[in-house]
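Here the chain labels run A, B and C in written order, and each chain numbers its own residues starting at 1.
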Amino acid sequence: MKQRLLSLVLTTSCAMLSWFVAPYALAEELRVLVHNSFSLPKPLLAQFEAQAGVKLSVIKGGDSGELLNKLILTRAQPIADVVFGIDNAQVAKAQAANVIEAYASAPPVRAGAPAVGNGVVAVDYSFVALNYDKAAFAKSGLPLPKTLEELTQPQYRDLLLVQNPATSSPGHVFLLATIAGLGETAAFDWWARMRANGVKVAKGWSEAYYTEFSKNGGTRPLVVSYATSPAAEVFYSKEKITESPTGVLFLKGGVFRQVEGVALIKGGGQHEAAARFIEFMRSPAVQEALQTSMWMFPAEPGTARAEVMRHAVEPASFDSLSSETIAEKDADWVSRWTKMVLK
Amino acid sequence: MLELKGLRKTFHDPSGGDWLLADDLNLTVSAGKTVAILGPSGSGKSTLLKMIAGLEPLDDGRVIFDGKDIDREPPERRGFALMFQDFALFPHLDVQDNVAFGLVEQRVARPLARRRALDLLALFGLSSHAGQKVWKLSGGEQQRVALARALITQPRLLLLDEPFSALDAELRSSLREEFRQRITTAGMTTLLVTHDEVEARSMSARGYRLVDGKLVVLW
Amino acid sequence: MLQKPLFQRLAVGLLPAGFLLVMLAAPVFRLLFEGGASALAGMVGALWQDDYLRWRIVWTFVQAVLTCVVALALGLPVAWVLARYEFSGRTLVLRLLMLPFVVPTLVAALGVLALWGPRGLISGWLGFHLQDTPWLLLYGNLFFNLCVVVRAGVDALAQVSASRVAAARTLGATPWRAFWRVEWPAIAPWLASALSLVFLYCFSGFGLALILGGQRFATVEVEIYTLVAHELKLAEAGALALCMMMLTGGVALLYALVEKRLAAPSRADVIALRRPATLRQGLAVAGAMLVLIVFCAAPLLAIVARAALAGPTAWAVLLEEETRLALGNTLRFSMTALALATVLGLTHALAARHSVWLRASAFLPFVVSPVTVAFGLLLLYPQWTASLPLLVAAYALLAYPFVAKSIGSALDSLPTHLEQAARTLGATPWRSFWRVTLPMIAPALRRGMAFAAATSLGEFAVTLFLSRPEWMTLTTLIYQRLGRPGAANLDGALVLACLLMALALAAFLLIETTQAKAIDNRTQRKINRKKAYHA
């Protein structure tokens, strides 16, 4: 009896094994590498598959920094044909590693309009800036800081929460924002004083925003997040609310415009379908949908704004760095930051 | 008739030093006869039986049965039965299935094999234990089950390795007599190894002693 | 000449050996030499010069040693109580000690956070939490490893010869002295073996350290992950991985050596259990149970409690399509991986009987971290990165050592002459394996499969790298939920953790049935007794 049971288990196991290891038929497939925040309504993607006549295989490659690293690691034999999620802070690194193939029919870039550059077609953008918990500030009676400098003062001790630039893309661009806004020397001086004033470092944006931010049960009322986050708070709120429980502070040296784009991967296949995917990402349907699925502003001018996006403001001005400067100094800045703030 | 010709075997001791277990060893066991080989523990008697059964490779020499060279045959094709010193009963099977084991290997259907095992067990006075797990039996009972298991396929040669050493003195002598009768009745060609000369003399017509890899005639 | 030549006996080992080569050795070498061999050599020296990395290495070592020390200090008394006293529920406790082995890392980490995290049950009471302190990781380590030490201790103490202890007592030793002079030397090898396992788990741990370590108290494995995934410093990552492998390899070798010594025949005269008679003995039993509850049961209870309190909206997550998809994937991947792991484990164990090297290689998947393997695979087989066979093979790689180890020790204790007896009764080698060996090792096979199933169900590290969205498993879904807005998602994650835990438990109970185990134990004891008698 026992023996029969055992043989049954073994035969079924072997049968299942052969079923799975047997090569499965590959349909005409477009492999799209995306970052973890990629999200679009399923009907939209299905519609694209039907129109382009390919099966979409969406591969999530981690946060946008990890995504690019994966591309670089596997450039000998790319894991995908087209990539979404390369931003203006990383595009030079991607260029240097030679993993992007310029898209020939890229639209012309207008002055001042969000762009990524180097053959990457802009899809959406947002601003990384400080978010604050309205209730916490109302309760403590503390005035909102008007400059980054004020945050180094004792009354703002143990309030700010940032992400590690080495492991988080908003954390990374926030470091770039301080350098762009204050200048390299002053920026690192500011970080040194912030360390003394109790800045807290989280590994990634999710940990920071959803566990350490006071709005979500943590202890810190100031967090590095996006200009669009307050709109998301309204959208996901359990009760119906007319005003966001969080707000955004656009301080000098604390704002960075992050523009994300889609690009062809060098050595990838399916060029025609990949080009169609790039156009698809720029299409009005996607540009409208991404606002409430990825919480970004649409890069295509003239796209209708989602109703809830009125809770997301854009800053009047912001500083930026050229992608060449970033490419040249970024690694040094990040390791200097790690030594200064973490060690 | 079993013949061993020029058997040679060196035993490799893992703790260093090789020693000669069989050195140009010759032996004949005539059909239907019982032959005993005496020797102290550790003299290599058990290994000799395993070489005959095909469980242990030879360095040199020939094993011949009824005129046929069999030293390339695997153990299951030799049709010999080896009764192990501690019986080697299968703990996951009951008494009846233990006895029926060899018949099932000869492609006898299991229900029929079990019935024939039961018949043999009855002959051995063990029918009441047929459904029991083997480790619930006493030493003497386990011994009888092991013999029944060895005899059921009517092997061409019975190899007994210290068959009574695991039993107490009283049981040993009564069981020895019983075994002698059963083996004689079955007309079995038998090779017995033991360290007990009384046992050897009472069971076998010829006796040898294994000394330095050679056999010396005792009686 | 009937004994087959060595290469023929090892033929069965070609499958696992080839698998290890393709899935483990090649990817690891690929990662190690990504930065160039000469750069690697220079890097190893430079690691120690870097304050930050030196702190990481030192802390990783310290937390592993600390866990060993605390686990021994708490585990040995608990083991002694369980091995010497008879009390109601004792058998149940012994069985429950298996539980942490089948709990997925992610679930355990959630449980620890649910107790001690910023919004944890105990933190709420006490008014402070343990986030960003080393205690969170140490507590998580103890959750998994206290049971390892206790189980090893109970097994070891059960082997202690009653007559030797009695002899020591009649020669004038107090119970305390008798323990140190007779019992301790007898159980020390067992404990050494358990502690080296504990050290290995903690030293090369990834999941717990990733979630509980925070920025400051993460381990080297997390650092390797960060270096490769976020900073693309492959040379440094390779050098770190090399250091780790040399250290873990050394400990694993030590473990293999100690374990070989444990194959000594067991004695028949076991010390009888007695009921606690005095108040002190009663307190000892109560204290032991308290330790187990605080360290092993509390995190699991916390998850269940938090999930139960979350209310129906949180439980509605079970009905979502996403959950159904993840559940389906988890079951599909785990079952396929289990089938593969069973075949690999069985062949590995059989071949390992004839080769010490192959035997030691069963430890390789334990020694080399999933992180290193996953990145190596990514570098070596980029075209297969998002392919199901590679994912399932990686699952099987991590799961099959459990099968191999379990069967290996069963084969060691299997008397060889049983198979020989079957051969003389007319069974071919294959038939005697099928009719004698396999049924006798079946309980061990089932137990190994149970562990392998639980491992696959909770697999996390590899899935993090090699997966694609439509292959979302329960673990990745939980991880994702942790990173989504609001308390509702945290509650959802807790509910999903309950589901995953129940699944692991069900798989375990399904495969390892109580009855089979009881029979196996009795048989084994009988065989041991007979061996002792003949010895």
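Points to keep in mind about this one:
Keep this in mind: a contact is a pair of C-beta atoms (placed from the backbone, for glycine too) under 8 Å apart; a residue touches a chain by one contact, two chains touch by 3 or more.
Just so it is clear, the structure is predicted and the values come from calculations on it, not from any experiment.
Closest chain to the protein centre (all Cα atoms averaged), using per-chain Cα means: C. Of all the chains, the one whose CA centre sits at the greatest distance from that of subunit C is B. With centres set at the average Cα position, the gap from subunit A to subunit C is 36 Å. Centroids built from CA atoms put subunit B at 78 Å from subunit A.
Separation between the centroids of subunit B and subunit C, computed from CA atoms only, is 45 Å.
Within subunit A, residues 2 each touch two or more of the remaining chains. Within subunit C, contacts with two or more other chains are made by residues 435, 439. Counting only residues that touch two or more partner chains, subunit B has 92. Those residues of subunit C whose C-beta lies close enough to touch subunit A in the complex are 51-52, 55, 117-119, 214-216, 226, 228-232, 234, 335-336, 338-340, 342-343, 375, 378-379, 382-383, 385-386, 388-389, 392, 435, 438-439, 442, 445, 467-470, 482-490, 516.
Residue ranges on subunit C touching subunit B, taken from their complex, read 1-3, 415, 417-418, 420-429, 431, 435-436, 439-440, 522-523, 526-527, 530, 533-534.
Against subunit C, the residues of subunit B that register as touching in their complex are 50, 53-58, 71-72, 74-76, 78-82, 84-86, 88, 90-92, 101-102, 104-106, 133, 135, 149-150, 153, 159, 166. Chain contact summary for the complex, subunit A toward subunit C: residues 2-3, 6, 10, 12-14, 16-17, 20-21, 24, 31, 57-60, 62-63, 65-66, 69-70, 72-74, 76-79, 164, 166-167, 201-204, 206-207, 210-212, 216-219, 232-233, 236, 238, 334, 338-339, 342-343.
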